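Letters A, B and C mark the chains as written, and numbering starts fresh at 1 in each.
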Amino acid sequence: MSADGRAETSTLLRVSDLRTWYPIRRGLMRRQSGWVQAVTDVSFEIAPGQTFALVGESGCGKTTVGRSILRLETPLRGEVHFEGRDLLKLEPEAMRRARQHLQIIFQDPMASLDPRMRIRDQIAEGMKSFGIGASESERLERVRVMLERVQLDPETMDRYPHEFSGGQRQRICIARALAVEPRLIVCDESVSALDVSIQAQILNLLRELQDELGLSYLFITHDLSVVRYLAHQVAVMYLGKIVEQGPTERIFEAPAHPYTKALLAAIPSVDPERRGAAPRVLGDVPSPSDPPPGCHFHTRCEFVMDRCRAQVPPLFEIEGGRSRCFLAEDSDPSRSVAQNAPKSV
Amino acid sequence: MSALLEVRNLRTVFPGESGPLPVVDDISFSLARGEVLALVGESGSGKSMTALSILRLVPKPGQVVSGEVRLAGEDLLRLPVTKMRRIRGARIAMIFQEPMTCLNPVVSVGAQVMEAIRLHDSINKIDARARTRELFVEVGIPDPDARLDAYPHHLSGGLKQRVMIAMALSMRPEVLIADEPTTALDVTVQSQILALLRRLQSDRGTAILLITHDLGIVNELADRVAVMYAGRLVEVAERKALLSEPLHPYTQGLLRSIPSRSRPGEPLPEIPGVVPPPHQWPAGCRFSTRCPIRFEPCAEVFPEQIRPAEGRRVWCHDVERSMRREGPA
Amino acid sequence: MMGLEAYVFSNIMTAALLAGAWLLVRVVRRQRLWREAAQQLWGRRKLAIIIVGIYLLIGLLDSVAWKGGVPEDSVGVLPNAPLTLIDRVFLGTLEASYSAPFAAVEFYGAMPLQRPGSHLFGTDILGRDVLYLSLKGARVALLIGGLTSLIAIPLALVFGVGAGYFGGRFDDFVFFLISTLASMPGLLLLIALIMAMGRDTLSVCVALGVTSWVGFCRLSRAETLKLRELDYVSAARALGVSELGIIVRHILPNLAHLIVITFVLMFSGLVLSEVVLSWLGIGVDGSWGQMIDGARNELSREPIIWWNIAAAGSALFGLILAVNIVGDGIRDVLDPRTRKSLS
């Protein structure tokens, strides 16, 4: 992998300029009065066998990115190249078939399982629709194998979801996704609803599966500590845009964007010698239907400058990734020519 | 510092198929004036139910069956209901995890705080409104005058939680019970709310019983920590001691399984298995089914309370055995 | 019904119904969730279930008719008419006119009866045994409640689930349809339909069905809207299940508890509606409603003739009460909120 973190080998998933906005309709005539700018101009790549983390707080659009890639939401524009094809341009039937290699695991393990179906039927459902397993008994055998792989007792396959604990249900969801032989799994806050001790189990399982099967993950979460353990690449999102991206260690050791810095500083540490850090952001997250002009983050930024209020910063290249901040402009090699001349020191 | 709130042998049961299940089982701890005690545990540990038991708000069909809860000497469990109601909100206040569900969506937030004030204090509406406005300023709500008339759905999660805190502190309670106050909030907002609670606590000297599963929050706010597992206490210690030198295997396991504490590339240390449901609790130590150092007596005999050091309590056969060999720490 | 005599058609329908019921039982037995629910229901509402079962049995016995086997001298019966089991049990119990329960003589005129002391509920103005009439009314009531629900509920599901799941223009259309129907006075619409289609049982059932599907349509639409957003629906889509597959495998089974509860509760409402229709003169022949309506005049006689209305009223009350109790029990057992979960 090159120094700036972008894969030089073949790319499994390439997202380009993804934009998912929802129209806001008001009034009797349901006229459109604006947009909820959930995801704006997001681009990134994921290589095979890699974990890419999408991090941010509520309203940042990370879940919408995950769902847009799977076309569970409808993007306004952009491209999602998976296995060589642009998913957004596929016909419904072709999309349905493409879904086999692109699976998703949701946050709430209870809501992700149909309460009225036995778990064996739910794990087998994907197999049936993609034609995996020639007969009922073959599929059953595969269900058994899947359950063992996620460390659940295959004898429990006739039970219903409510008879399992939260962690076990999440394992069932993982088994269900694995059953169709995916290449990339979108993990949408998949461990956020679990207790810390169960979280560790699930994270270890995901790691093992990645090593064993060469899976890629798009790991969506608000919990930066989980990211550090699992991800190779991290992208931080704020109000629909990627504000910083880079290899995991660089993000944690040397965050460039003020929001990333604030996010890291906000994580309460368990080190008994470290406590009482003052919060580095003021105020609350603005609404995605009415984002601030210029740089979306300027209303809460401790380094805000005048130009931040008026101009929208592009993603600048920096050492070890990209940052959407005018503070990074000077270190962007491609900008140095244009910027150096008129500036007075 | 004298103990302001003393909980002794508190037991709360829920009816089960084969007999009553003690979801809060023989819990004892004390909270001194101005102190922050964190009650830590995962789901099913009984920590929230402990808080509700203190306030006698246990939902039916559960009930508190034995023990004492003494507030400045007076046993709350034995008070008549009318007296208890006067204490709730005025001397002991509580804030909950989900500010969304605790605020009435059709009443303005200002009115709700005023209602809480006027329940306990017979002042007129104008004075109540002024006091509410002062509270809003104190909890850091920007533009307080406008916000007095705002409705809950106009406010973000962080602001709603600030309103809840304002409501809870309006009568200057001696004890504040905070049940997972920041779990539903974003992490940047969480750090603001934690800073707010820290400031309010030092300004007003309110004692806080903080209920959480997040050891990071414990480190930020707490003076002392009590760890619960499956309805029982397993370890009680002062914050630094617990975080740097945990004695109980469960506490150790919890600390180890926090992802930020591990090195990327190695598997996360995990606690295998799941918390057993109440009807499957072993006769002995409830953690024995998952404990890495379980030995003979663990599953059969419940460990007695041990005091390995000043201010520390542990319930573990292994710690007991090491102490007998080496003497108290 | 072309070329088939009415009773043959009825026999075939009854057989089909029994086959359908047997299939349903097999499905319930296979799924543990439903099996346990059924067992729980039986445990809690035994008596009511037994009572409903008795009514069902009576209705069944009155549903299968065949010709022949009638003694030559039977009064009031055509020799080649198709008769049901109930008809045959009560063959030869015809009197001349009114008689009180267990009486030996006629009510007016004190003429001796053919079968003195054997009429449990007396006889009506035409001398027919009132118990016999009440028993026959059971089948009519079950048809009105059951058949109509079987018309109304699928209708409501198609529109409701379709509107809730697909939204857009179909939703707008259904909304328009519902609003229009709901704005019309139901009773008048019903009367108009019955006048147009005829007064036979099937037409009345269809008319009732068409005017009572709106409520459940709204309910199923609302529930579908909620279910559609759940993660397991998105998961199914991600697993490559087609939209129709999702509706059949995930939405409908999770509406099943609502369907069952609605069916049971609709039943009683419909039977009671028919009583009103009878009072207006457009009810179904042989129903309890008709008996009650016909008995109106008799109440003003001196001395009162009460057994007619008492029998019909009690039979009606018994069925409705039992069905409602069972329905309540079903709701407790199936509603995910009141059900005891194992977690």
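The working rule: a residue touches a chain if its C-beta (ideal position, glycine included) is under 8 Å from a C-beta of that chain, and two chains touch if they have at least 3 such contacts.
Predicted, not measured: the structure shown is a model, and the values here were computed from it.
Between the chains A-B lie more C-beta contact pairs than between any other two chains.
Distance from the centre of subunit B peaks at C, each centre being the average of the chain's Cα atoms. Per-chain Cα centroids separate subunit A from subunit C by 54 Å. Averaging C-alpha coordinates per chain places the centre of subunit A 32 Å away from that of subunit B. Multi-chain contact residues of subunit A (touching two or more other chains): 165.
Interface residues of subunit A facing subunit B in the complex, by the touch rule stated above, are 57-58, 165-168, 195-201, 203-204, 207-208, 222-226, 228-230, 248-249, 262-263, 265-272, 274-279, 281, 283-285. Across the complex, subunit C is touched by residues 67, 70, 72, 96-97, 99-100, 102-104, 106-108, 111-118, 122, 125-126, 129-130, 158, 160, 162-165, 173, 176, 180 of subunit A. Those residues of subunit C lying in contact with subunit A across their complex are 32-33, 230-232, 234-242, 245, 249-250, 253-254, 256, 336, 341-343.
Within the complex formed with subunit A, the subunit B residues making contact are 42-43, 142, 156-159, 186-192, 194-195, 198, 213-220, 239-240, 243-244, 253-255, 257-262, 264, 267-272, 274-275.
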